[in-house]
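The following pair of complexes shares a single chain, subunit A, combined with subunit B in the former and subunit C in the latter.
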Partner chain A sequence: MTSVAGAGTLRRDDLGWYLYGVVAAGEAPAELGAGVSVDPAHEVELVSEGPLAGVASRVSLQEFDEGMLPERLGDATWLEQKIRAHEQVLERVLRGASVVPCRFCTVYRSEAELRRFLSERREALMAALDRVRGQVEVGVKAFVDLDRFTVDQATRNEDIQELEKRVAAAEGGRAYLERRRLEQLVAAELERLRSVAGGEIHSRLLVAAEDGLPLPPQPAEISGRDGEMLFNGAYLVTADQSPFEQALTSVARDYRDAGIDFELTGPWPPYNFVPVELKAS
Partner chain B sequence: MSLTEQHDLRQQVTLLELVDRVLNKGVVLTGDVTLSVADVDLVYIGLRVLLASAATLEERQEAISAGSAQP
Partner chain C sequence: MSSRELESYRSGQPAQLADVLERVLDKGIVIAGDIQINLLDIELLTVKIRLLIASADKAREMGIDWWEGDPFLSGKKNGTGELEERLRRLEDAAGLPTSKQEQSNS
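For the complex of A and B:
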């Protein structure tokens, strides 16, 4: 197969460097762990350049060629393998060091190009590292259990109680209409909760975090959950997550009766708390 | 749902969470990276692919539960 990229035709054995993330050279873990990398033929290495070190591994440029990527990304098996490898490498590093994670498929054609990046972006990378020093990212999601939500609404809303009685008593077309009205009433209450809960949840969690940002709730077909996602957020917290977990427990307790369940994920490398673009020094 | 199926679903959910971060966030090295995927709508492509595989997983699970429900 011939694959043409910007710099000309690639040979099968051309190697580039895949950059997972950047750490402070002094903090770089001595043990990077063997066996996990995006290209199984090449182990993860540290490429030190001044005060910084790139967590990187050699990759076949044939496999990671820009021209080939759209096709690769259509291959679910390939994509999942590489995404998991990217994350596993960073999670190992995260146990021993603060890390600025790179986006998936950051590939340099040569070690010289990689070193040039580390040196030209030194100040911006150091600033990004300072911001996440000693911190990890966690994810918080809240889901609505519609059955429990409806039951809870009935205990506090007389209109809903009344309608539930009528739905139980009615028959045929009338029962259908009453049920529709009940659904509309519950939907209106849910809409009210949607408009206030996100802000309240976020501000209570933010107090226990270094930083945080609300993210767009994922539609059910992406979240893979039955219940609607009411809230989605990412938080930058100290490696000891217990103060944040306490805050989350308290929020979850207050929303439990309303049928809202919380989910905590992480620790993640701080993907949401590093600048997307870095200025040259 | 069996423990194995729950595990599968759990894995799938984590993968989507992962995709959201690895494909969508993190430092992007436009300008000085020779190979860049910034122009490709990675998130769109990635999610479409993974959604397709998540749907397959769900179908499989339904098939399993339907199968186990029979005497």
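For the complex of A and C:
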């Protein structure tokens, strides 16, 4: 299956195995090879070992070398390409099977080492797989429009009303100070909303999910949205997402008047619902 | 509940890079000892890379791709001290808070 990567190809010895995730051997989809992989010269394959199969593809060990990695990670183009490939492979798998996703850059030097991992950690991997069987991860983010929030606060918070008047009336350094105070007051109100609304949103969504956890809200520079991210969460839900979507619709309705918008992402491989470290069997 | 209402929560766009990074770099099983990649290094770098990528992504949308030709950012040079320094400068330029600034402000 190894394709030839042009002139000066790497020797077989120079290839390792990049592991994307683990599936049950019987469940694995057949047409896995078609599509992207982290190393375009090599297709995605299944490496079956007993009841488990590793979703893996061969990679150049020079490219994924331990010593080179910190440098590679500083290369935005390389990193984005590889990370997207990692995710896309797992999304292909997720369409036909339950999967335990691995973290980025899980690489083995040889097929024997990959097989040894699958067999030595069989019990822990099976337990992780059982937990996510028939489930997918979805992400929920809630955003609040800051301008609208400020205006909204001004109508019901007398301190803010008073400060706004003073900002409008003041000049120079004084106006600056009053504006700072106004910003601080609005920020404090926003934090209060974050903790109250965030808690309620999470507990209402959790009822409709198998499991869930709040994630740190992304700063605006990262979220790419204009609004302030009020809440960020990940939920483990049945592959048929409709009960969860109904719960979200109901939550979103209740928060619409407060100027809070929701965004649903996924289905994701259940990254947030597999153990970070596997216990040795 | 109508399906149209639900559609409005889905952006319909390819996954945001930030959402992918949040998962692929931070979550998923890690098996210490079986892997050659030093995962500790990755964890230390995660947050900063995240910022870097986010700025890079935005810049690319705006048609700015100066880093493609940058020897450091295109991965042709190395050195952790230099990395730190460059990241700080990038963060400054992007108006993002840096750890240094936070320390000196408090």
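A few comments on the model shown:
The criterion applied here is as follows: the second predicted complex is superposed on the first by the 225 of 281 C-alpha atoms of A that agree within 3 Å, B and C clash if a C-alpha of one lies under 4 Å from a C-alpha of the other, contacts with A are read in each partner's own complex, and residues count from 1 in each chain.
As a working rule, a contact is a pair of C-beta atoms (placed from the backbone, for glycine too) under 8 Å apart; a residue touches a chain by one contact, two chains touch by 3 or more.
Keep in mind the model is a prediction, meaning the values are calculated, not measured.
On the shared subunit subunit A, the superposed partners subunit B and subunit C overlap sterically.
By the touch criterion defined above, A:249 reaches subunit C but does not reach subunit B. By the touch criterion defined above, A:101 lies against subunit B and subunit C together after alignment on the C-alpha atoms of chain A. Using the contact criterion defined above for the overlaid structures, shared-chain residue A:81 touches neither subunit B nor subunit C, since it reaches no partner. When the two structures are aligned on the shared chain, A:71 is found in touch with subunit C, with no touch to subunit B.
Once the two complexes are overlaid on the shared chain, A:119 sits clear of subunit B and of subunit C alike. Look at A:262: by the touch rule set out above, it reaches subunit C but stays clear of subunit B. When both complexes are overlaid on chain A, the residue A:184 reaches neither subunit B nor subunit C.
The intersection of subunit A residues touching subunit B with those touching subunit C, taken from the two complexes, comprises 16, 21-22, 64, 66, 69-70, 73-76, 79-80, 83-84, 86-87, 100-109, 113, 117, 121, 128, 139, 218, 221-224, 265, 268-269, 271-272, 274-278.
Chain contact summary for the complex, subunit C toward subunit A: residues 1, 5-6, 9-11, 15-32, 34-39, 41-42, 45, 49-58, 67-68, 72-75, 77-78, 80, 83, 94, 96.
Residues 9, 12-37, 40, 42, 45-47, 49-54 of subunit B are the ones that touch subunit A when the two sit in their complex.
Across the interface of their complex, subunit B is touched by residues 5-7, 16, 19, 21-22, 61, 64-66, 69-70, 73-76, 79-80, 83-84, 86-87, 100-109, 113, 116-117, 120-121, 128, 139, 218, 221-225, 265, 268-269, 271-272, 274-278, 280 of subunit A. In the complex of the two chains, the subunit A residues touching subunit C come out as 16, 21-22, 64, 66, 69-80, 83-84, 86-87, 100-109, 113, 117, 121, 128, 137, 139, 215, 218-219, 221-224, 245-246, 248-250, 252, 262-265, 268-269, 271-272, 274-278.
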